[in-house]
Every structure is written in C-alpha cells, then in structure tokens.
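Chain lettering (A, B, C, D and E) follows the sequence in which the chains are written, and residue indices restart at 1 in each chain.
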Amino acid sequence: MRVREGFTAVARYPIGIGLVVLVLFLLDRSLPGFWLTLFLLFGINTILAVSLNITNGWANLFSIGHGGIMLAGGYAAALFTLPVFFKVDIIGLHLPGWILNVQIPFLPALLLGGVVGSIVGILLALPALRLRGIYFILVTLGFNLIMVSIAENLPNYTNGAMGLRQFPLYTNVWWVWGIAFLVIYIALRLRKSYIGRAFIAIGRDQELAEHMGINLLKYKIYAFGLSTFFTAIGGILWVHLILNLFPNAFSLALVFHVVTMIVIGGMGSVSGAVIGAAIITGFTEVLAPIEEGFQVFGVQVPHLFGLTTLLLAVVLILILILRPQGIMGEGEFSLQGLRKRLSRSKAE
Amino acid sequence: MPGDNNQRETGPILKIEGLNKSFGGLQAVLDFSLSLETGELKGLIGPNGAGKTTVFHLITGFHKPNSGRVVFKGINITAQSPNRVTKLGIARTFQKIRMLENIKVIDAMKTAFYLQKPYNVLDVLFQTPKYGREERQLEEKALEFLTFFGIAHLANDLGSDLPYGLQRRVGIARALALSPELLLLDEPTSGLNTVETDELVEIILEIKDKFGLSIILVEHDMRVIMDKGICDSIVVMHQGAVITEGTCEELQEDERVIEAYLGAGVA
Amino acid sequence: MSTELLLELSEVTAGYGKMPVLHGVSIKCHRGEIVTLLGANGVGKTTTLRTILGQLKPRDGEIKFNGADITRLPPHKTAALGVAHSPEGRNIFGNLTVIENLRAGAHLLKTRKELKEHLDRVYSMFPRLKERRTQIAGSLSGGEQQMLAMGRALMSNPRLMLLDEPSLGLAPQLVKLVADTLTEVNRTGTSVLLVEQNARLALEISRYGYVMEKGAIALEGNAKELGANEQVKKVYLGIA
Amino acid sequence: MTYFIQQMLNGVCWGSILAMLGAGYTMTFGIIGLVNFAHGEIFMAGAFAAYFALHVAGLPFGVAAVLGILGAIAIGLLVERIAFRPVRGSGMITLFITSFAASIGIRTLFVMLFTDRAKPFSMPAFLKGAYLIGDLFIFKKTIAVVIVLVVVGALLMYLVKKTKTGIAMRAMSYDSETAQSMGINTEKIIIITFIIASALAGVAAIMWGVSYGRIRSSMGMMPVVDAFIASVIGGLGNVFGAIVGGLILGIGETLFVAYLPPELIGLRTLFVWIVLFIIIIVKPSGLFRANVK
Amino acid sequence: MKRLGFLLLVFVMAGSVALFGADKEPIRIGMIASITGDAAEMGIEFMESVLVAVDLINSRGGIHGYPLSVSIVDGQSDPAAFALKAHRLIDNIKVIAGFGACDISFATAAGEVFQAKKTVFTDIAGTTPTIPLVGDYMFMTPIPDNDQGRAVAMYINDVLGYKKTTIFKDIASAYGTKLTEYYIHFLKEFSDDPNPVPLVVTYETFDEDFSPQLTRIKAQAEKLGLEAIVLPTWPRDAPTIAVQARALGIDLAFIGTDGVDTTALIDVGGDSVEGMVYATHYDPSIPGQPQICLDYVEEFRARYDYDPGAFGTMAYDSLMIMVEAVKAVIDEKGEAWWDSAGLADKRTATRDKVATMTFQWTSQAFSFTPEGWPRRALVWRVVENGERVFYDFQSYEDYTPEGVETLPFK
C-alpha cells in the first residue's frame, strides 16, 4: 500500500530503502513457510500484474498470451539453472554441450530468460500488432496454447510432459520483492515520463497519439518488450519457487488470474495491479478454510471444494458490473491523495 | 530537422497539388489544390460532405491519397505517416472532440509535449536532476499554455469532465503543444455558444500572431468566417472539389457559393 | 389541407454527454404537411430528429406525436407509432440485399399481403430498386442508396417521415427525383419533416419551414415567405 | 481410398459439432459483439440436461434431446441475464472477461455438483450400427449427425436470410441504432439470438453425446476454442461461414491425424492455429464476408 | 449471496456431526488433491476414498485411541497451489505426514515442500519413477511406470501371448508418455520380435474424438498383424477409445493399465470394454487382504454405489501407510513419548517407519525400496458382464526378474 510514496522516497532517501530492506528482512525471518510462500507468490503475481498492466492496461494491447511468455522465459532460464547431472544423467536432454554442461547463477539466468521472453514477445507482437480487438486477443490466446503444445512435443529439449525438476531453490524474498519493487518503480517512473504517457495515449486514442507524433509501432513494441521481459522473469521466479516446470503450468487459467488482478485493481493503475495481486493471491487462501469444511458450534460443515473459484468468478462479474474501473480506477495510491480525502471528509 | 532530404523549394509553407481520394465508389476529394503562405490564415468552407475533413486527413497522412502531392516547407509529405508529419510541424485538431479518457488536463498537455523528449530513459529511471528539471519545465510550459487559454485552474481536472467549450480549448492547446508551424483547425467552434465562439476566435487570432502560425480553418459557422473576416482568404469546397477561392466579400457575391450552400432548387 | 397537429416539440433541450446541442426547440408539424428544418451544418438539425425518434433522450421539454407523449419512448416504440426515419448518410444495411433492407424497414408490418403491397408501392416509386433488388446494398451507388433509405422508411407506411439530408451528395437530376418522390409521398398521406441543406429545394416543396441557428429556432414561417427572406441567407452564409 | 473416405467421415462428424458451436458463437458476436467464452458451458449444460433425462429419468431419446436443448437455452439465458446484460455496452474486453468468468464459474459449479467424472451418454438403438460398403463403415450416427447439420443449418439459413426476425438480426448486427428506428426491438432480438445460439449449442451437445458416448463437466473447455476459431475462419458474424469453418477445421484436424507421421499427431492443436493465423493474415475478414461491418 | 447461504445451509444440515469422545489430541495427516480444475476426476475419488477410510479408522477407536484427522486441501490442478497448500498443511495445520497429488507436476510441487520441511509425503497416483528423487521423505504408492511398463510387457508377451500390439500415447501426460516408452522398451527385450510395437498413435489430454487414430489403426491392423491395443490413459480416455474402436469395427483386444481402473470404464465403456484385461493395484478378491480393507471396500460401495478403483484404493493405501507408520511409532516409543515429543521428532520417526516397515493394513502387504518405490504386486482385472473382476496376479518378484535392468533409461 505504500507503493507510490514509498517509492518516490526510495529514490530520494536511503532511509526509505533501508526501511523496506528491514521490513523484508524481518518478514523473511519471521514468516512461517506458508505465509512466506504466500508472500513470495504475492510478489511474483505483483511482477506479473504490473507488467501485464503495461500492455493490457496502458497500451490497450489486450494480451492473454503472457503465459506463453512465462513458459518461454521459464524454459530458457531453466535449461541453464538445472544441475548438470539432472540434465545429463537423469533425464538425458538432447541439447548442445554449451547448454547441457553448464549451470549458471540466478542473475544471468534471469536476464537470459527475460531477454528470451522479450524476443518471443516481440516476435509474437510484430504480426499481431496489426490486429485489433478480438483478433489480437485470439492470436495471443493461440500463442499461449501453441507454446504449451510445442513444449510438450519437444521432449528432447524440454523433457515434454515429464517436465523439469531439481531446480535450485533460488527464489527468495530478496529476488522476488527486489524485482517486484523494481518493476513497480519502473512502471511508476515511466508513467511520469514521455514514454509512459505515449503508451497511455496509444491505449486511449491511437489516432490522436499518432497525431501527437508518436510512432505507434515503435511504442507498441516497447510496451510489449518491456512487459514480456518482466513477465518472463516472473515465470522464472515462479519456476524456482515451485521447483518444477511442466508445459501446462502456465495455462490460460494462470493468465486469467493475472488478468483478474488488473481488472479488480483497476486497469491502467500500477498500485491497482499490486492491490489486485494481493487480493487474488490472498483470496483463495483466506477462503480456503470455508471450502475445506469447518466446525461451527459443534456442527461440522462439510467441504465445498471449488467454492473459492466460484466466488472469484462471481466477484469478478460483480466488480465489472458495479465498479468497472476497478478499485483504483486509473489513479495511483498516494499519501497526499489519502490525506486530502481524509481532510475533505473531515471538513464535511 | 528530420524528414526527407528532398530539395527545398522556396515559396509557400504548404502546397497541395491535384489531390484525389475516393472511398469505394465515392469521390471524396477531387483534384484539390491549395497553396498557403507562411503566416496566412486560410478558411476552408463548404456544405456538409464537401470533403473538408478528408483534406485534413490527407495532409496529415491519416488517409493516403490516390494521387496528388502535399508539400510542406518544401518537403514532400505525401502519404507519410501522421507521426512523421506531426514531427515536421503540422498539428491538427479534431472536429469530434478527442479527450484522452480519464486523464487530467495537465497530463494530456504533457503527453502532447511528447515530441520534445528532453531527457532519455536513463534520466527517467535514475531520476537524474535533468529529468526533474525538464519535467518541471514541461509542467510549467503546459501551465503556461493553459493559462493562455484561460483554463489553468482546471489543470488537475479530468479532461473528459470539462464543459464542452473548454474541451475545445484543451484540444487547441494540445495541438499547440506540438510546437507546429502549421495548424489545421477542424471546426473549432462547433458546439459552442455565441460568447464562447467569440472568445475562441480571439484566442485563435492571438496564438496565430504569438506563435507565428500558419492556419487552415475548417468552419461551419459562417459568422466566424464572414462576420469576423478573420481569414486572409477562403477556399470553398463542394462535392470534393474546390469551386472558388477568395475573400469574404468576393464570396458573398459569388453565385456558385450561394448555390452550393442554399442549393439550386429543382425548378 | 387538414390542420390536425401530428408532431409537436415544445422547448426541447438535448445534447451529447457534455455537449449541449438543442436549447429549447419548438416545432409543429400538421397532418399531411411537409415541414422543413433548415440551417447550416452543426446547428442541431440531425439532433432534433434523433431526439424525436428517441435515440437521444431530451433533458427537458416535451415531444408529442399524434396526441401521445413520446418524449422518453425508445426508438422502436416511436417507430411503432408510425414514425419512420431516413437518416443522414443513409445508414443502409450494407450487408443486406436491397430487398432485405426493404423488409427490415417493413419490420412492423404484420401480414405478407401488406408487405407485398408496400413493396410494390416502393418499387413503383423507385423502379431502380426493383432492378437491383437482389444486389448487396453496400454496393449501390450513392443515389441508389438514398432511394433505398427512403424506400425503406416508406415500407412501414408511416404517418410521419423524418428525412435527413436526402439530397446530400446527389447529382441534380437525382435531387429532382427525390423532390418529386417526396411530393408524391406526401400526396398519399404521409407527413414529412425534412431536414435539408439545400434550402431552395426544401422550401420549394414544403409548406412551412423553420430555420435553426446554434441549437435554437431562429426563424419560422411559410415556405414562400422564408424563401424570400434575406435572413435565411444570413444564417447560411453569414452575410446580411 | 476407403481410408480417405473413412477419415473424411470422421472429420465431418467432428466438424459438424464445431460447426454447430461456431454458428452459435458467430451469432452472439454478430449481434452484440460478444465473444461468449461461456458458450462451452452452455453446451455442457445441454449435454447434462440430456444426460439426466436419458439416464436418470429414463426418458426416451427424443424427449431427452429436446430437454437437452431446453437446458442449454436455460443456461444461455441465465448467462445473458447475469453476466452480459448488466455490462452491455461497456466494451469488448469487459464482455470478454465476464464471459470468461461466467465460463469458469459455471464449470466449477458443475464440477462441485456432479464431479468431473465422465458420464455415459448412450445412443438410441436406431443410431447404433453402420452400413458397410466394402471396407467402409458408414455409421448411422454419422449419417444422423450430417442430417441434423444439414437440416439445422438449412433452418438456420432460412431463419437468418428469409424471416423477419433473421433480417432484423442482420440489420441489427450492421447498425443497431438504425435498426431500432425501423421499429426493431433490439432487446428482444438479443434474447432471441441467445436462445438460438444456446439451442445450437444444445444440438451440438446431443451430437457430441451420440458421437463420443461420454460427457463431462469440463467438456466445454476445449471445443469452444476450436469452435471460436471456426467462426473466425468463416468470418465472424457469418452463420454460413461458421458452419463451413467448422467443417474445414474438423476435416482438417482429422486428416492431419490421418496422414502425418504418428509422432507428429500431437501437434494437432498447432494445425488449428496455423490455419487461423494464415486466415487472419491473408484475409482477416474470414473466408466469407462477415455480417458485421 | 442468498443462493450461497442456502447452499451452505443445506450442507450444514446434511453434514455429519463429528464429535470425538476421546480427549486425546487428534493425529493430523494432510491430503492434497486436485478436487477442482483439470485433474478433478481423480482428486474426487481420492477424497471419497479417504473420507470412508478415516471414518472407518475412527469408528475402530482411531490410532491407539488418538482420533485420526485428515485435512483435505484442494490443489486446484495448479502446481503453485499444491506448493502453497503443502506449506499450509505443514505450518498451519501441523500435520505429521502428508499424501496426495495425482501427476508428477503436482506430486513434486508438494513433495519439494514436504521434503524441505522434513515431513514424509506419499504420492498417490503419480507414477513417473523419478518422483521419489525429490528426497528421502518422498515415497510413491503406485507401481512406477518402469515397473508397470515391464510387468505389462511381460504379461502381454508371456501370458496373453500377443505378439504385435499398438499403443495410445498421451503426449500431454507424463504417465501416458513414460509408460509407453517403458512398455515398448521392455517388450522389445522380452519379445522375439524386433518390432513388437509397430505403431504408436499419439493424442493429447482433452481430445474427445479418437476416430482418426482408430481408423488409422484399423487400416494398418492387418498389414502389421496387430492383435491388441494398449491403453495407458487417464480414466476418461480408455473407455471412450474402446467405444469408438468397437463402433469402427475394430475387434482387437484392449489392454489397460492402472489409469483406467475407475467406474467410468464400465459406465462409459459399456459393452465395448467387455473382455478388456487391465493392470491395476487392487481387487477385493485377491487373497490375504486385511479385514479393514475389505470393510473399507464394503463401506465405500455402500456410500457411493460403485467400486473403488485404482485411484480410490491408492488413496486408501497412502493413508494406511501413514496410519500404520504412526501406529508403529507409538507402539515402539509409547504414548507418553508421542504426547510430549516435538512435531519434528514425530515427523522424522514416522518417516523412518514408512521407509523401513512392511504395511499390513494396506490393500496388499508391501514395503518401499530404498529409492522410495513400492514393492508390491500388480493385479490384473478383466471386465466381465459389466463388472470389473479379478483376472490374475503378478507378484513383485514375478515382474522384477534377475538380469533385467529396472530403470533402463532416464
């Protein structure tokens, strides 16, 4: 919740950074496994939501193919972070030696995966950018399904449906939230620069943007490249948290979840995306005891599995009906704004 | 200066020769020619459907002409993309007002300063002093424009929430922010009441002088064109073609113009 | 000529979103009349028609048709009362054939016999449409599209026809055809509210006229008188 | 040759189902610009209604089929009421997301109520068996499916092309506002469209049950994507195009499996998308002129 | 919200009133299964089975008087959910041991967490042999693909006597892919024929129409001399394939693997699967079963009106492994130790028992190899008159002959 203000401060005052680091440190030390994992998934979802927001929320390039990007980035990084013995002895991939016989640290793997994700994303975007509306959605949807299909059908390189495992547990609070804050920071900064304003102008009114001298193709590619870069990194963090990678892991259901986050939070708002990520990540977990059955006054309420998913669907429809702009609309959270609102309500 | 390295021609700032455009079977613009001197304010009038807006579309490259040539400051800009044309110094407003949805007026203005790009990505990400300085300057400049148009106090309102008349002003301010040499105004007074119209006309004349603009003005409200006599000359279009060009006085007597507007009748 | 009041707008105010367009427009149209609404571009003529139809809800004022209040009726109900519309730019259904367009216009007719009757009537007015009846409407020429739009509006045998800029973009001989047809239509009992830029044409065939300026009625009077009025010229050309 | 014809028959059978689903898709898209992702769940609900009638209540097949279609219509109208009507007019992406949510919600509800186990859908005696011509099996069910496709397709074409309602639908898909001023009640037309589209999904569900003998709560998930692609290939908004698109995909997929090396059969999904990409790039409006602008 | 409240009310009224007389702290065990999502078909059977077994144990006085409490959580067919729920079981619910999952992706997602927290986890239905590689706290109940592939190849070659077979391979499923590979490998080893599987046809999970593949088989059956079709599929696919194959006039025999053993086989397959022989883990008529297992089957039938198949009994087995191990720990160390010992100690002690003991309450007596694979017999069933009945039995020793490499390739 401290997003924007926190960040402006971070940029300016080392104290801010120090505080965030301290909070993260304390959380890292004190959170029990479940909450820590939840916190990490929240962070990863934040990365995914904020980066998806760049295309879907700002530039109005509504992609539901980001699962395919996570897959591409995930596999690209995975092939390098897997222990050599696993690649060679246990599953026996048919890869060139320079991939097979190396294991690289996390940072280069992240960068590599991010770049691969970006390249794949731009390759997808180039033909797809000519399309509008439902055709664009359809092509990105197809891209997601195709990526899964390709991963399944290349067992020599991806181990097919048997998936990859034995990843080193690289993902931790520092990586996840470091990158999450970085993405938020970049998004907020860009929004306040000519680049972000160009993205948003394209999203709102393509024709007008063009008449403001904005090169549509170039900026659409920027938006897609940036968004997919961090999406791929989110995928890699996910892989190194769950410690396995299977082709169908990044299915439409996952993308749908991320889309839900930005819709609930408010399309176009960075803090909205973060709030959406928090809600969706927490939603199923907070409600999980309800669907698993519980006791009230000695009466055992039996399990009702699927309830959370059902509720999620209902909530999403309700939000779209009652508050189509999402929680934050397109605004950003700020302490000043909050203070203003508070004083206004006091005055009334 | 970006753009073609075509040989510079001297003379008018904008020269259009033999422009043709048809949509399906409909000849929207027929052999349209026009020449605009630097600093000139030229009216472009004609009854509904005469093809005036299409001419604007063709100049800015939003539509590609079937034939003909558009030369701006000696550079051939025929069928260039709108962003390049804008970069060269042509800005336009729209007949149907286009406000960026849910964007504050001040931000809309800053968006319009896109072309200035006074800092680079690294300045943004590292929040260099340069970024802060330039961004502040943009804001100041935006406010300056808004003040000029008398809407500075509305800078933090959403553009789409403004009264219609003020939206028109934002539209023009936004076009000016592109620091154009040639401004294409597409029915700037449509939807305004008499007082607002008068005010806007004043503003248009003011900015023309202040920024040294050349302007083409498409207008329906004949009072603006005729009563005020603000145009140096007026081009009359009918059914896609230019029927005549002249000053107000000349046109008022021109039977062709009257016929174009009032119709020939059927008798 | 009957003087029974068919359509009455009193002090109608309307607009799109933030943009006010009509500021208290009052118009009367009697049964069996052709009434013309004149005015330069963008003064609110089309908006007036849209408000009558119910495509636009007025903010204020009242619209009565044939004695009934239709101020807030949705368009399809207004149409059911006998108001037909031939819109500006024709808005023919480009994906339908000519005959299908005409049948869409006849949506309110109940029987096949009626359909046939009106189809024949429209074909007799516009023999060109009969020739092209199986052609996709989108491929018709501008004049043919105008005929189709008028024919389509006539299919429902309306009491009142709202006609928006029928002569726009038409060659002179087609303009004449349109005018003749209008007179013919009016003769068979349909009242017409005509919005037209071609003031001379409009005033020639109508009985009464209104001149709009900036969303309000600036002048009204008998067509003949208006035709001679220099004010009209001023409204159009901004000259005295 | 026998092999080829046999495979063609297989493809026609699968294609017919896609065609029926795709036609429904195309209709809702044409009228309200909605890509109804919940169409698959409407289809599934139809299959369940027929299943309960047939296997639980023990009703005759004809009755079960009718109930199946009615079941699909009921869910279709429910979806229209709760998920689409309140957000109508708020843009394609909103509609897309609500339909996706409706799809997931209904599917989850069915899994909760009836689990995701495959349930038998037995075909009636008169559809069992096949005619044998040389080595060629011509199934009675295939014949039935094709007859249903032709009859329903013809009825649909008649409805869309010749009837007052059909013309009103197409007029509305082109220009809703003008259509309204012709006295066309657009609300009514939207409801009718949903009824017809859902009924088509119901027909597809019966075809499916008869052809493949099993139904599941999540059966709507995959064919719906294929059917959507079929409608895009045929030109979104064009009913005839959707039917042809469905047949092209069905037959294409089948022939892909029939003639490619076995190890490449898994790429069958790719085939569908390759066809789609080619169509979108070469002729974005689809094979047939779309009814929409 | 009204509807939801109503639903809840119905369930509350229908819900059983579970009151434990015992004042002992219940023994908590966790199960993770996909009860919603793509893999719900199997998860629901796990859950049904475990609910029966828990009631059975508690009605018999629990584990040494400690009531048994199994927390069932929904993995939603999503690896991330599996990992998260595994954390919840371990940290929040504080289970002694866990079991669950249904595919390698889910099993290892949960297993990694259990391994890291040093809590034993038994995989119910993921059969990829590499699953126990997660670590020493990871075990698997079903016979791994390498063993099953070998056993099935052996049985087809030696007992059923089919020389040429074809196989359906689900490339989207680790189970289908791996089992197919092992089957072909071992069959080549056992058969005199250099090419005993001349045709492998592939499909993808969620395919519904298998007629193109079947038509292909039919066209080549005679030329290739095919005698049987092997179906290592998810439960939903085998009966559908059978129905479509019979309709096409294919009269080859069907041979199934443990994935097909559910009630859907008969429900959907009907006459078409009549005579189909398939490998599985359990049949009520195999000799030497513990009474508790027979009671379980009876109760299961009474409650759900169908026979527990491979998935139900494997969930039952996984639970019983844990129950027996905990019981053995208490037997060995005494109740006083159990009441006072820390969670970590209890977990480790349970793991040690699981790794070393032979289970008696499970559907058949078995133990784990050092790798974490079960040493258990393979049961063959046949569909006869619309019933799944006992057909044959392959003991662990039968299908692990000397001189045959167990895990021939990676």
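Observations, loosely collected:
In this section, a contact is a pair of C-beta atoms (placed from the backbone, for glycine too) under 8 Å apart; a residue touches a chain by one contact, two chains touch by 3 or more.
What you are looking at is a predicted structure, and each value in this text was computed from that prediction instead of being measured.
Listed by label, the chains touching chain C and chain E alike are D. Inter-chain centre distance (chain B to chain E, centres taken as mean C-alpha positions): 73 Å. Here the spacing of chain C and chain D, counted between their Cα centres, is 42 Å. Taking each chain's centre as the mean of its C-alpha atoms, chain D lies 36 Å from chain E.
The centroid of the Cα atoms in chain A and the matching centroid in chain D are 33 Å apart. Multi-chain contact residues of chain A (touching two or more other chains) are listed as 149, 152-153, 253, 304-306, 309. Multi-chain contact residues of chain B (touching two or more other chains) are absent. Residue positions 108, 111-112, 266, 269 of chain D are each in touch with at least two other chains.
Touching chain pairs in this entry, ordered by label, are A-B, A-D, A-E, B-C, C-D, D-E.
Those residues of chain D lying in contact with chain C across their complex are 161, 164, 167-168, 170-171, 173-175, 177-186, 289-293. Interface residues of chain D, counted against chain A in their complex, comprise 29, 35, 82-83, 86-87, 90, 92-94, 96-98, 100-102, 104-105, 108-109, 111-112, 225, 228-229, 232, 236, 264, 266-267, 269-270, 273, 276-277, 280-281, 284.
For chain A in complex with chain D, the touching residues are 62, 127, 131, 133-135, 137-139, 141-142, 145-146, 149-150, 152-153, 253, 256, 259-260, 263, 304-307, 309-310, 312-314, 316-317, 320-321, 324. Contact residues on chain C toward chain D in their complex (touch as defined above): 53, 55, 74-76, 78-80, 84-85, 87, 91, 93-96, 100-101, 103-105, 107-108, 152, 156. Residues 11-12, 185-186, 189-190, 192-195, 197-198, 200-201, 204-205, 207-208, 210-216, 268, 325, 329-330 of chain A are the ones that touch chain B when the two sit in their complex.
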